[in-house]
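The two complexes that follow have chain A in common; it is paired with chain B in the first and with chain C in the second.
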Partner chain A sequence: MREHILVCPFDESLLSRLHDESLVVIAPNFEQIPHVYHTAMQRSNRVICVVVYSKGSLAAVPFHESWKGIPIAIYAGEMGPFKEFMMRLPLIRDLNIRIFLNSDKKENFTALHIISSLHINCGLEFGESDFDWEALNDLMTYALYGKVHHGVMEPFQFIASRYNPERLTDFGTVYFNNPNIYLHIDKDENIAISRKDLQKGNFIAKGLNELNDIKKNKKFEEALHEWQNFFLQNNTCAFCPSWRVCMGKFTDTIERNPGCQKFFADLMEATDHFLASEHKKREREVWQL
Partner chain B sequence: MATIIFKPTEKCNSNCIYCDVVVRKKPKTMSYELLELIFKNIDEYLKSIPQERIQLIWHGGEPLLLGEEYFQKAIELQEKHCRDTKHRIDHAIQSNLTLMNEKFLGLFRQLGINQVGTSFDPIAGVRGPGAERDSVSYNSRFFKGLNLLEKHNFGWGFIYVVTKKSLARPLDIFYYLTNMKLSGGFMLNPVLIYGEDRENIGITTEEYADFLGAIFPEWWKHRNRFPQVNPFKMFVENIIEKKKTVGCEDTGRCAYGHVYIGPSGEASQCGRAGDWEIISYGNINERSLIDIMKDKQREQFIERNDILMNGECKGCPWWEFCHGGCPLDSYIKYKDFKHRTNRCEGKKLFLEKYFFPITGIRF
Partner chain C sequence: MANVLLTQQCVRSCPYCFAKKHMADSEPDDILTWDNMIYIADLMESSNEMGLSLLGGEPTLHPQFVDFVMYLLERRFHVNVFTSGILSEKMFNEAERALSAVSPDRFSFVCNVNNPDKSPFSELENVRRFLKAFGHLTTPGFNIYKPDFNLDFILQYINEYGLHRHIRLGIASPIPGQHNVYVPINKMKDMAKQIVSYLPILERLKIKAGFDCGFPMCIFNEEEIGKLYKHNSGRLSFGCGPAIDIGPDMTVWGCFPLSNIHKKSLYEFNSVHEIRDYYRNLHQKVRTEVAGIFDECDDCVYREEMLCMGGCLAHSYNHFLKEANVRFKEIYQ
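Here is the complex of A and B:
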């Protein structure tokens, strides 16, 4: 089994060529989630999760009993009518699911707060439009400082729980965008670093054979070290105290929509708090033994 | 352990603003014959002291300019002449990394090297080749070297030299460096000028103290994020944890532990002393390493401890982790080694103005 997890579309022909792989499979629609999962599993693959990208509302998602036990990530456009969503809550809570809403819609910040408070794991997907850093800070504060039990919220949970002072913490991992872990492949076996690159045709390799030698691939190696360009260009982000958990992801909008530095500084403080409280929890467990 | 600052070449592919060796000297490279003589001497020295070890620090210039063959030759000569003592030779290397390749790394592994010391500066025009000091291409090659080190699981640490150009942006520089090497693993050293300050980069001891002081509150608050930043870590270890982890300049014990050997076999006390041609212990072509290590001139560094303890440093609470500082600092000012370092006041200033108030600790 290779080191990378492959992110691929649901394509039976492709899946039959992929054996013993760790996969994130993108399902074309909600109805096919069980079929996608079982088909991939039948090809001796390990399915990390099935992803569905939808622009519709969460309230319109046909959550189903047959999804139980399947790891699922849903990217939805908005929450939709709260009542509809609430009616499905008992089932949703039984699912191994993580719900992502896009930052392009302001109301999604509130929606994520609600979803998390309902003990459903969720996350914010960063969209194309500028957003309010204060609103993001409120969400992060709730996610990491909130005393009342709630569903985890990404990418805050990822950063806080995976933070290691010795390593960069790349929260792109939450969205399958981290070339150390994920590679994206389409049905024609074009390989890219991210889903966006795959859609744009920015391929680094083609064919499963090339995947076997991906560590020798120059473009792949460049992608691994792309973060160093911030340092070579003396980009503002290279001088930021929170680089280690952001890695310049908002560099293109920093002038237009400043606030990232303060947000990530607060996030790092929250991470320290989170780790300290996790440590205390562990200490308590030991004492109670 | 004895330390040999081993400079087989003075040639360098960079023209760093704070280094005048290439400018001042006509850079030379050590011949294979002389290299062979060095290993014979090391073997003889180690056989004469059965419990002793030698740390051989490959320095330059840029040692990678020697080429892979040179290191291959060193391995062969060590095998040939130090068959019984090679396990007591610890090689280390200081390189600017810009010429690093996998072959070098393979050879370094054979020499038992598993980490590389380097230097870096994010400020344009400080490090780089040519009169313009093209730091863009230089830094690009530096990062390629780093990537190779990390790919092959070599550790690395570096020195940042604080110059006049650094003074305006202490925190920016600190964040940049800790972003580049997350846990730290670097030392903030003041620039050392001997003779004319051609580039106008010299700083006072007070400026150095204030540079450190601008960074220290952030380091202290978040020291778990970047624990390996010196001199802060060393101050904490010495003052709070009562360890004695000081750099060579502060040990008070450099007298018999160090030797510099240059490309023509010239021997001196250390790298600085050799570069600045302050002390001469003769030449390895004419004297054995055993003799060089026992040179009578070394006694003055032992005597210096007594002179300072009963003189300028008498009653100083920080004697134990300073010992009057580097004897060469004394030489710069007084042309002898009998005085404390001229950096003493800066160190005190940093402790009094920043370290103690911020940490709340009194010594």
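Here is the complex of A and C:
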């Protein structure tokens, strides 16, 4: 089995050419989730999850019994009417699902707060527009310092649970954007580092055969070390103590929407708190035979 | 059980309202946000307190009233709503659709009703519509603010709309330093007689009348206490403990009449127990200064044995306002 997990659209022709792969499959709509999953599972493939990107509201998603047991990620535009969402809650709780809402809508910060407090695993997807760092900080505080048990919220949980001060913690992984783990491929076998690159036509290679030698691919190599570029520039990120986590993801917006440094400093503090409390929870471990 | 104010707005202007000072001092459009509701629910849950009362003003004026109730029920809270029963058409329909089928074990209303003779027709129509839809979830509440009150209309409501066969009797309390209508201390025995005069009909109709806080025991004579004891199956309380009221702006205080004194931020406390302990200690200190509403409270053995708390603490604060600031300093904060 290959080192990388492939992120691909649902295309029966493409899937028929993939064997023994780990896959994240993007379903074209909600109705096809079971079909996408079962088709992708053929030929000894392992499906990490089925993803659906929707601009509609979560309340309008036709959650279905047949989704039980399928790992699903839903990216929705908003929560929608609370009452309708609540009607779907018992079924959502039975599903292996993570719900993402976009930061472009201010109300989504509160919606994620609600969803998490109802024990649904969820996450914030960073959109194109500038967002309120204070609101993000509030969400992070809830996710990592919450008084009572609640649904996991990404990317905070990922960062807090995977943080290692001696290496990078790339929270792009949450969104399948980490070239160490994921590669994106389209039906024509164009390969890219991220979904955005794939959509923009920024390919690093073409053809499934290229995947076997991807580590020798120059563009891939560059992508792996892209984070080092900001150390060559005299910009704020180069001096930020949280660079191992942020990796310059907000460089482009830092001037018009400052606040990331303060947020990431608070996130690091919350991570310390989270790791300390996780450590306390752990039972005493004795050596194993 | 903590009381959470969803909004400061109200649809009525009752002469006895002991929340009016608080309402007047607050921003009228100040309503509880989702984020704050979640904070409160988390604080309650982490304190192992799984019951909440929603208040106002009129809580159903909050645009997310139904959403909040559904949310709290989903989080396994028991939710009790104090309402006037006067709901807008839109809110009534929304509430009826979402809440009328919820189990009474998990959700209830206390509908504070006023004498229909003194209420406008449109208000009465609204109350009747509410009781018709939610009677099975509703306990009627009545705030006594004058000794010669009338409960007949509540008995009629109970029978007509199938309300819980229990009346929550409250006594309007003074707001220290403000003017509102309440039963003067020297008229409380007349009020007690009126309560007891209703016991025969209440018993015939199998309706219980229970006291909210602030009733002193000695306004009833021995015979009357005996009747009340039997009427309430031995569960008789003459208490005045700190209720925990949380405002939409996340301030907290130890009961409505005292809302302009000792207001704190909810964020200053880590649990509901801490809040309760804080106000209990404070109220205890006040009671060491003025034991109760009557001079006799100082030496009362029943007060010492906590059978009676000496009436509403707000009366004690009224004492302090008429004298020089000679008591311990926290009283005046």
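The rule is short, and it goes like this: the second predicted complex is superposed on the first by the 282 of 289 C-alpha atoms of A that agree within 3 Å, B and C clash if a C-alpha of one lies under 4 Å from a C-alpha of the other, contacts with A are read in each partner's own complex, and residues count from 1 in each chain.
What we mean here is this: contacts are C-beta pairs under 8 Å (C-beta built on N, C-alpha and C of every residue); 3 or more make two chains touch, one makes a residue touch a chain.
Just so you know, these numbers come straight off a predicted model, no measurement behind them.
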item: Clash or fit (per the criteria above) of chain B with chain C on chain A; value: fit
item: Touching partner for A:D266 - first (chain B), second (chain C), both, neither; value: neither
item: First, second, both or neither for A:F82, with chain B first and chain C second; value: second
item: Which of chain B and chain C A:D197 touches, first, second, both or neither; value: neither
item: Touched partner set for A:T110, first chain B, second chain C, both or neither; value: second
item: Which superposed partner A:F231 touches (first chain B, second chain C, both, neither); value: first
item: Which of chain B and chain C A:E125 touches, first, second, both or neither; value: neither
item: More chain A residues in contact [chain B versus chain C]; value: B
item: Which superposed partner A:K147 touches (first chain B, second chain C, both, neither); value: second
item: Chain C versus chain B - closest C-alpha approach in the superposed model, Å; value: 26
item: Residues of chain A contacting chain B in one complex and chain C in the other; value: none
item: Chain A residues within the chain B interface of the complex; value: 165-168, 221, 225, 228, 231-232, 234, 238-241, 243-244, 268, 272
item: Touching residues on chain A, where the partner in the complex is chain C; value: 82-83, 86, 89, 110, 113-114, 117-118, 138, 142, 146-148
item: Chain A-touching residues of chain B, taken from the complex the two chains share; value: 122, 124, 136, 139-140, 143, 147, 172, 175-176, 179-180, 182-183, 218, 222, 224-227
item: Contact set on chain C toward chain A in their complex; value: 33-35, 38, 41-43, 45-46, 64, 66-67, 70-71, 74-75, 98
